[in-house]
Amino acid sequence: MRPSGRASNELRPITIERHFTKHAEGSVLISFGDTRVLCTASVTEGVPPFMRGQGRGWVTAEYGMLPRATNTRNNREAARGKQSGRTVEIGRLIGRALRNAVDLQALGEYTVTLDCDVLQADGGTRTAAITGACVALVDGLRSLQRDKKLLTDPLRHMVAAVSVGLYKGEPVLDLDYIEDSQADTDLNVVMTDSEGFVEVQGTAEGEPLAGEDLNRLLALAREGIVDLVAAQQAALTEA
Amino acid sequence: MRPSGRASNELRPITIERHFTKHAEGSVLISFGDTRVLCTASVTEGVPPFMRGQGRGWVTAEYGMLPRATNTRNNREAARGKQSGRTVEIGRLIGRALRNAVDLQALGEYTVTLDCDVLQADGGTRTAAITGACVALVDGLRSLQRDKKLLTDPLRHMVAAVSVGLYKGEPVLDLDYIEDSQADTDLNVVMTDSEGFVEVQGTAEGEPLAGEDLNRLLALAREGIVDLVAAQQAALTEA
Amino acid sequence: MRPSGRASNELRPITIERHFTKHAEGSVLISFGDTRVLCTASVTEGVPPFMRGQGRGWVTAEYGMLPRATNTRNNREAARGKQSGRTVEIGRLIGRALRNAVDLQALGEYTVTLDCDVLQADGGTRTAAITGACVALVDGLRSLQRDKKLLTDPLRHMVAAVSVGLYKGEPVLDLDYIEDSQADTDLNVVMTDSEGFVEVQGTAEGEPLAGEDLNRLLALAREGIVDLVAAQQAALTEA
Amino acid sequence: MRPSGRASNELRPITIERHFTKHAEGSVLISFGDTRVLCTASVTEGVPPFMRGQGRGWVTAEYGMLPRATNTRNNREAARGKQSGRTVEIGRLIGRALRNAVDLQALGEYTVTLDCDVLQADGGTRTAAITGACVALVDGLRSLQRDKKLLTDPLRHMVAAVSVGLYKGEPVLDLDYIEDSQADTDLNVVMTDSEGFVEVQGTAEGEPLAGEDLNRLLALAREGIVDLVAAQQAALTEA
Amino acid sequence: MRPSGRASNELRPITIERHFTKHAEGSVLISFGDTRVLCTASVTEGVPPFMRGQGRGWVTAEYGMLPRATNTRNNREAARGKQSGRTVEIGRLIGRALRNAVDLQALGEYTVTLDCDVLQADGGTRTAAITGACVALVDGLRSLQRDKKLLTDPLRHMVAAVSVGLYKGEPVLDLDYIEDSQADTDLNVVMTDSEGFVEVQGTAEGEPLAGEDLNRLLALAREGIVDLVAAQQAALTEA
Amino acid sequence: MRPSGRASNELRPITIERHFTKHAEGSVLISFGDTRVLCTASVTEGVPPFMRGQGRGWVTAEYGMLPRATNTRNNREAARGKQSGRTVEIGRLIGRALRNAVDLQALGEYTVTLDCDVLQADGGTRTAAITGACVALVDGLRSLQRDKKLLTDPLRHMVAAVSVGLYKGEPVLDLDYIEDSQADTDLNVVMTDSEGFVEVQGTAEGEPLAGEDLNRLLALAREGIVDLVAAQQAALTEA
């Protein structure tokens, strides 16, 4: 039995609110239950120095957490003068995932920067961030098309992400904080809307994971991704 | 005529939403028009080293702005490894203002940390932050009383803040971004609910300010503070 | 009665020594009693990137304090790798104040950098710094005219600064360290030689400040500024 | 056909040299072909503050690369004052992997720090680092037993790591730099000597990865791990 | 012929002004010609962690240069967030030199921190700093004796420093900036009042230095040190 | 009697292994007994900004030590975000020494960066680094000639370095860690193959050094340099 009473293959309530702030080309507040992440897409002309002159675009991401997004306050990283290893690692993961969603050649020399800032954390912040950032990314790409800077849509596919893990020996989908802190294994899975894997990142904290359990977890993740992509699509059909 | 069509002594629409996030002892989303700041109060036992053993409490604040809170994206301070001078200066201002609201002796050896993070900026982020942080502070102090850690309320008075300035030669209240970027003089005024000054910080960017103009601006600020304190009180009477 | 025996509207002895060091275009050692600040003006061609191509100049300032300028040694900021919030805040204040003294259009694409380094501190370092930096600035602007790089004087007016505060309930001018550490309210006022306000920055540390007290303090500051401008003018008429 | 002429399931030549340096409790130079990583295990009494008083030990890791370990020189991270995101991410991966190898309860309040410094890079530095660090870890744990500080061996199992990927559409084992830079998908797999998964981290850089391909890659990794564990065991049976 | 017209074995005019600032236990403004360095000695109880519990004292030093001490402005190190390699290297040299002057056992668990800040630079700042810091150190040690914290004088000997170099092939003493920037070899020599070497640090920038030239330079330095020690003694006999 | 049983003028066993890693233009593993330093020379087109357009080249160096090169682990400087003063000071020494070996005019606008990373430390790391870096430098310069980028050899002379010191009152050559930690005086001497001094850097930790002792130490260093240059030449005659 999960602490939340959810079925093992049940996501938390997912909400996706577009246009949450007004300045960004894409701005999405996504909730996976009590986890709430503000994802903005900022579109700028030009690409970083190492990409220049190739006619290709760039997609990158940064992750942050407000100091009191968590149960006890974390020191503000800007004040400490250093991002934690965890912050850096998650930002890189989000960037890789979203880069996969875009045909950089078709994007041309534009950069989309995805900022994912956790307003409230209850487990799964990185998977919520990826899922929300993809919606913000679509709004960012649409703004380029609306402004006639791009004539075709550089989106290759939607990406969404979900965590799966073994909680008290049972595979469960979309772990909240209580489950996450007790789980033996935590696997974050990023997939496309056509069920291809973009990123798989799993760690056995306690017992090593047997091959069949890995397969069960991956199957469970696939179920969750289908629902998440549906939620993304529903949000994107609104004005 | 103001760009927004407001009267010269008219605040923008003010909204104050308490309990915006669930972990913090106080959590307030405040809007001054399109300026939206999330203010959390984190209450912890103990005080910083330089205060220890005096039996007195401490109130401090930090300020931040999400990278895309503004019209064009600002680099993330945590990633740059350094807070800007502006960020540091505003954080210190908020801390001084809120410290004035509390009887530190009556607070005892507790620390209240106020984090003010701008989700969307349209001028006046520091005044919105102070006004919202005071509501969050009250919720933080109430949590100490509810938990029987304090038997009396250490709040001395409410504080609120508003900007005033000379826009095209006329004194105006609560400048938005368009006004602020064109104003000759910008004055931020922090006052108590009994109309005492806590902080006055004004800069003449162009022409030096004559004494009578300073007095007109201070009077205008006083009007705005009355309305802001009323909005704070209204929010605090809700559950 | 003030600890120093001064009248409430009496400045400490003011000395202004120009040409204190030889390399800088302007170099002034200013004393407000035991507070001694070395202010240099460095004039360079060109302006920062954000100002380029507008034909306008720039004036900026940095503040520092030698580690043993104070009663107990402070850690060296260069060694700690970080300026304190106080240092940053004061540097920005000095910059704003001195920028107001200059017609940036008439300055053309030159930058004047004012470095204010406190050799000995006894309260009022920021006001001494502003007052001394303005003299150094004039010497810097004169060097541009002497070298025929400028044909007209871009100085709009002199600026000077002084602190006022409530000490044991009485308004006093130019607080020294003992007064400052016990004052209820501390107000730093920057004014022009024609008595316009450039910057007003005041904090009530204890009791909020009543409106009439604010007016008394501003009047007292005005008296002090008149004397400080006279001291600046006297220094500038020497060779 | 692989650039190196290797079979698709063929590791590069693996060498493991223990006691490469004399000060560390464990010191291993491991080569995966031209990739050479010096892995040291430093054993110290005590644990980090967040672990104190629980009677449990700690295993952590740091990763580095000499500036000219690569084809073109990288800036020295110590001189830049900042580790790259990649460095941080790999150090965390190594730490998680090696922590899994040890029964922290049985280790008691000792810390083992694994430093993995790449002397020469040719792809697969993180997998070589994990594989070598596990041998250094065993030497570190043996030193504790030899000194009678531990009476039982806290090692739970050996861990080893290998990369697999799709190169020109074919699954290949242990990618070298040329393959890695052209591979569509790169998967790093950490397993135990009993073939349990400890960490799976894979990224599809181009086409998303189909489920069956993921399974083929994981099977290939399992083959490689068997050989790597054999090489570890052979090295550890030497004096 | 030297640019300044000095004889090859002639020091610049040396002035040593004690009690230049009032807070420090020792405060000396030293001039070697146009090079002026403010040297303060700060005496505190206790020693750094690595020295604790041995009953011995510590002497350390830090070096800095005001941004406009030189002909063109240098960026402020505190603002850049990093001391230059040159600054670090000189601070360490001064610390080693002054540590040699004191019997740390006799000092007991006190720390003397010597801050050497260059107000105006014209070559030889590190040698002026050492020479002035030794006078400040003596005043610091005297304050400990005056306060009866020490009953005996822990000073072992005075130390002084001077530069020597080959300028246009000729050995010259106490190089000023013009000579220094053209010299082939620059040697900084720290000696005691009984003509023992404490530190010798020389670099041949152009031609390597022949053994006999090294000996000629060391002899010249010895001459200069005698005069510098005399100047120190003269200053110390004043009140 | 020296702890190692060596004669007072006897170097430790010296080995110089070229081509230790494959990517760098020069790559040398040098051993002075148990001190082992990997020295690489990286040759790049262009020079730093302050050298541009003069047609001259640049030689620079950086020094590092692996965390467990020493008996107890040192914190990783990249992780701390700061190089120690010692690291900075040694890197600058190596750079000056090697710059002296090259005719920068003849080098043309190329930069040679020498990275000296200590794999194992047992005293004398800086002298081993200089001696090894010179061999790596020669290989770097040869690569430029082999690629026809240079037609003449810009090497002016070989440089080598050795430490000398007073150990129990006796002058000894090439101190190992045990001797170094007990020596009264430690002198690092950099000389050319024709016995000219390039750098002399000596510190008396205890008793000041008498002039005749300095001369004896310098003579002893000269003996050691002759042997080191011979070892360099022997290594360079191999393929």
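We call the chains A, B, C, D, E and F, going by the order they appear; numbering starts again at 1 in every chain.
We take it that a residue touches a chain if its C-beta (ideal position, glycine included) is under 8 Å from a C-beta of that chain, and two chains touch if they have at least 3 such contacts.
Not measured: the values here are computed from a predicted model.
Between E-F and the choices A-D, A-B or D-F, the pair with more than half the same contact pairs by residue number is A-D. The distance from the centre of chain C to the centre of chain D, with each centre set as the mean of the Cα atoms, comes to 58 Å.
Centres computed as Cα averages put chain D at a distance of 50 Å from chain E. Taking the mean of the C-alpha atoms as each chain's centre, chain B and chain C sit 28 Å apart.
For chain C, the set of residues that touch two or more other chains comprises 81-82. Contacts between chains close into a ring here, every chain touching precisely two others. The cyclic arrangement of chains, taken from chain C and going next to chain E, is C, E, F, D, A, B. Chain D contributes residues 85-86, 88-89, 91-92, 96, 100, 157, 187, 191-192, 194-205, 207-211, 214-215, 218, 222 to its touches with chain A in the complex.
Put simply, chain C touches chain E in their complex at residues 21-24, 27, 34, 36, 38, 40, 42, 44, 62, 64, 66-73, 76-79, 81-83, 87, 113, 115, 117, 119-121.
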